[in-house]
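To keep things simple, chains are lettered A, B, C, D, E and F as they appear, and every chain counts its residues starting from 1.
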Amino acid sequence: MNQKKIAVFRKEHFNAAHRLHNPSLDDATNKQLFGKCNNPNYHGHNYELIVRVTGVLDEQTGYVIDTKILSDIIKTYVLEELDHKNLNLDVAHFKNLNPTAENIVMVIYDILRKQLDNRYELKLTLYETERNFVEFPVE
Amino acid sequence: MNQKKIAVFRKEHFNAAHRLHNPSLDDATNKQLFGKCNNPNYHGHNYELIVRVTGVLDEQTGYVIDTKILSDIIKTYVLEELDHKNLNLDVAHFKNLNPTAENIVMVIYDILRKQLDNRYELKLTLYETERNFVEFPVE
Amino acid sequence: MNQKKIAVFRKEHFNAAHRLHNPSLDDATNKQLFGKCNNPNYHGHNYELIVRVTGVLDEQTGYVIDTKILSDIIKTYVLEELDHKNLNLDVAHFKNLNPTAENIVMVIYDILRKQLDNRYELKLTLYETERNFVEFPVE
Amino acid sequence: MNQKKIAVFRKEHFNAAHRLHNPSLDDATNKQLFGKCNNPNYHGHNYELIVRVTGVLDEQTGYVIDTKILSDIIKTYVLEELDHKNLNLDVAHFKNLNPTAENIVMVIYDILRKQLDNRYELKLTLYETERNFVEFPVE
Amino acid sequence: MNQKKIAVFRKEHFNAAHRLHNPSLDDATNKQLFGKCNNPNYHGHNYELIVRVTGVLDEQTGYVIDTKILSDIIKTYVLEELDHKNLNLDVAHFKNLNPTAENIVMVIYDILRKQLDNRYELKLTLYETERNFVEFPVE
Amino acid sequence: MNQKKIAVFRKEHFNAAHRLHNPSLDDATNKQLFGKCNNPNYHGHNYELIVRVTGVLDEQTGYVIDTKILSDIIKTYVLEELDHKNLNLDVAHFKNLNPTAENIVMVIYDILRKQLDNRYELKLTLYETERNFVEFPVE
């Protein structure tokens, strides 16, 4: 029986507005830390999300996980929540959390981890721009 | 003397928040016309802008236009105005103009046309996402 | 009133099997003309389709055409017909027509032209691979 | 002497037809499991393969492995076998094996592992589409 | 008989060193005009070349031109001449011609125009970087 | 307190000329080992560099590291040194070191490691072309 592990990836995207702002700091400190990313009227991004699910092969399907099912999970639990939203104003997770790429990827991880069977390992890459991106978790 | 025309392209990008909203229409009509793009709290994009300048070769430089100079013009007159901004709130051009890709590309054209010598033809492509983009002007 | 023309683009993709084969020629000639693309058991591609619709701005929406509507038209009339299909066996248009990129793009043009109002101009780019693609129509 | 490990990557591509089908299951189950990917007439993809070879630096060449040699190995042993083929019908490895991305990447791994000296570690990434891809092996 | 015109594109690449330098100007003027691109020891690029051939459909093949043949022409007459070369030192065309993207694209046009039947129209796009590119000829 | 590790990536690029040549070997051996990459007049590339910095979240900023600061470090210490240069002639590190992608990535690692606080882990990916790239270090 084949018990070797394989990683399966699915790429999705969403568009959102945000501003970088730590509500526990004063405005001058926020301005100094985050510069033009602190614009009180927000700016935005086309986020690209790559979801990596690692597991062993299902003998019947030849899949680790059906990417159609994986895509549906991402759409239902992540994109419904974040796509075409203002992360600071519209998304409860960021009410008191600065929506940096680091914090966004950790929020998405918490959402997806609950939707995936424990036999799967999960790792995410989130592109804020083509040149700035983050990966979580890291061993 | 070489009088053949060549087109030179320079690609730049900016990040911005916006919402699609026609201020002369009521909220229900806006909601119906623009769906989730009408979110009152805004969403956002990584816009990619391709500027195409057509002209004849300068014999001395072997350039139609120095792309370093072209890049500086785009940065000074377009990116300074639009990057990390909320198009609806922060940019005067969109005070009474719905910031669709079509309207954004026409605004950028008006800005750049004034900065370029009349011997150059100008055409723009603006990517709102990898899958949605516009071109202006079209013969 | 603004009567300037703008082009709007929407990119979609489909996956299909095909073989290059002209049914009016004998097997040896087909083999010589099309080489490994003539494999009787088929091979396949991830086709990328870029649909360019040119028109004037609608004053109310700020759109030439709503890309959501354009995307739905492409999905309903083109992708339903071609995606995850064997072009030679499953698609009536190619019963007696060799499914080269040139012929595929002309078939898609005929399909989409009927679905778009006459006030729109239509042009298509079809990528068979990242390195081989076609454009139709050309003035 | 430098004994640090470096990974070298080479990207190649091939085009193939396939259908997802487990010959040990009945047609209704196959249809239910694989949907339109089960089309009996096949569909196809432009597969992108990234081969990652890890080893220590050769002092004379400054290479871990000459990517020209690596490319030749991939072309001779993988692309010759899979390019412009019907994976289900033309490739012996998939006679009784469902050609999912997971199974294809494991077959390619077995082929390449035999051609590479044991001092090299090998890892593969296989893109079936831009949005669906797999990696093997995973620790 | 189908006499509609279709454009067929083939993308190829080559790597080369160059420096921007007009031999008819003194060193100070060259330095001022071309900045770091004037480095006397050269720098280099991965050039991407897109060759667009426009013509009518050949009824027998369903091709405007076989992209395999087009690719062979580009490899034989352009890549053999420019790939892994120093444009200023190794390529006769640039002995007295500054190898700007504009001049390179015009040189390639002259080379390819002679190799293509007169029934084909030819247009080229040359990428010097992802952000700087040129197109020739332009109507 | 959140002590989970996250990786942050920043992508930068530079253009350079080089030739593959081991000064301790004779010309015939160099020619045989490196083929057209040994051209005495050099060739060149658009190098893409991806810098991966791993660490724990800074509670105040929500950053592992500010990518603006990371970008400035890369520009000051790597791009200033390598961009628009001849690696063999202009860069001291390669005076006696063959500028293969493997050696370049190890040189860049040494440069950046000194500029980054010890609490950060560092890993680099260097693209010489879209199809040839290297990663360092590897566990």
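Note that a contact is a pair of C-beta atoms (placed from the backbone, for glycine too) under 8 Å apart; a residue touches a chain by one contact, two chains touch by 3 or more.
Nothing here was measured: the structure is a model prediction, and the numbers come from that model.
What's the minimum number of touch steps needed to get from chain B to chain F?
Minimum number of steps from chain B to chain F: 2.
Treat touching chains as neighbours: how many steps, at the fewest, connect chain C to chain E?
Step count on the best path from chain C to chain E: 1.
On the document's contact criterion, could you list the chains that touch chain A and likewise touch chain D?
F
Shared interface numbers for chain B and chain C above half of all numbers used, same, or below, different?
Result for this pair: different.
Rotating chain B so that its CA atoms sit on those of chain E: what angle is that, to a multiple of 5 degrees?
Nearest-5 rotation angle for the superposition: 120 degrees.
How far is the middle of chain A from the middle of chain F, if each middle is the mean of its Cα atoms, in Å?
Each chain's C-alpha centroid was found; their separation is 28 Å.
Roughly how many whole angstrom separate the Cα centroids of chain D and chain E?
34
Distance between chain A and chain E based on Cα centroids, please, to the nearest Å.
Here the centre of chain E sits 42 Å away from the centre of chain A.
Chain A: which residues touch two or more other chains?
Within chain A, the residues that touch at least two other chains are 130.
Which two-chain combinations qualify as touching?
Applying the touch criterion to every chain pair yields A-B, A-D, A-F, B-C, B-E, C-D, C-E, D-F, E-F.
Can you list the chain D residues touching chain F in their complex?
Its residues touching chain F are 2, 4-12, 52, 54, 57, 60-64, 67-68.
Quick one: which bits of chain E touch chain F in the complex? Just the residue numbers, please.
Residue positions touching the partner: 13, 15-18, 36-37, 39, 41-46, 83-86, 89-90, 129-130.
Can you check the complex and tell me which residues of chain B touch chain C?
These residues of chain B touch chain C: 20, 22, 25, 33-35, 97-103, 105-106, 130-139.
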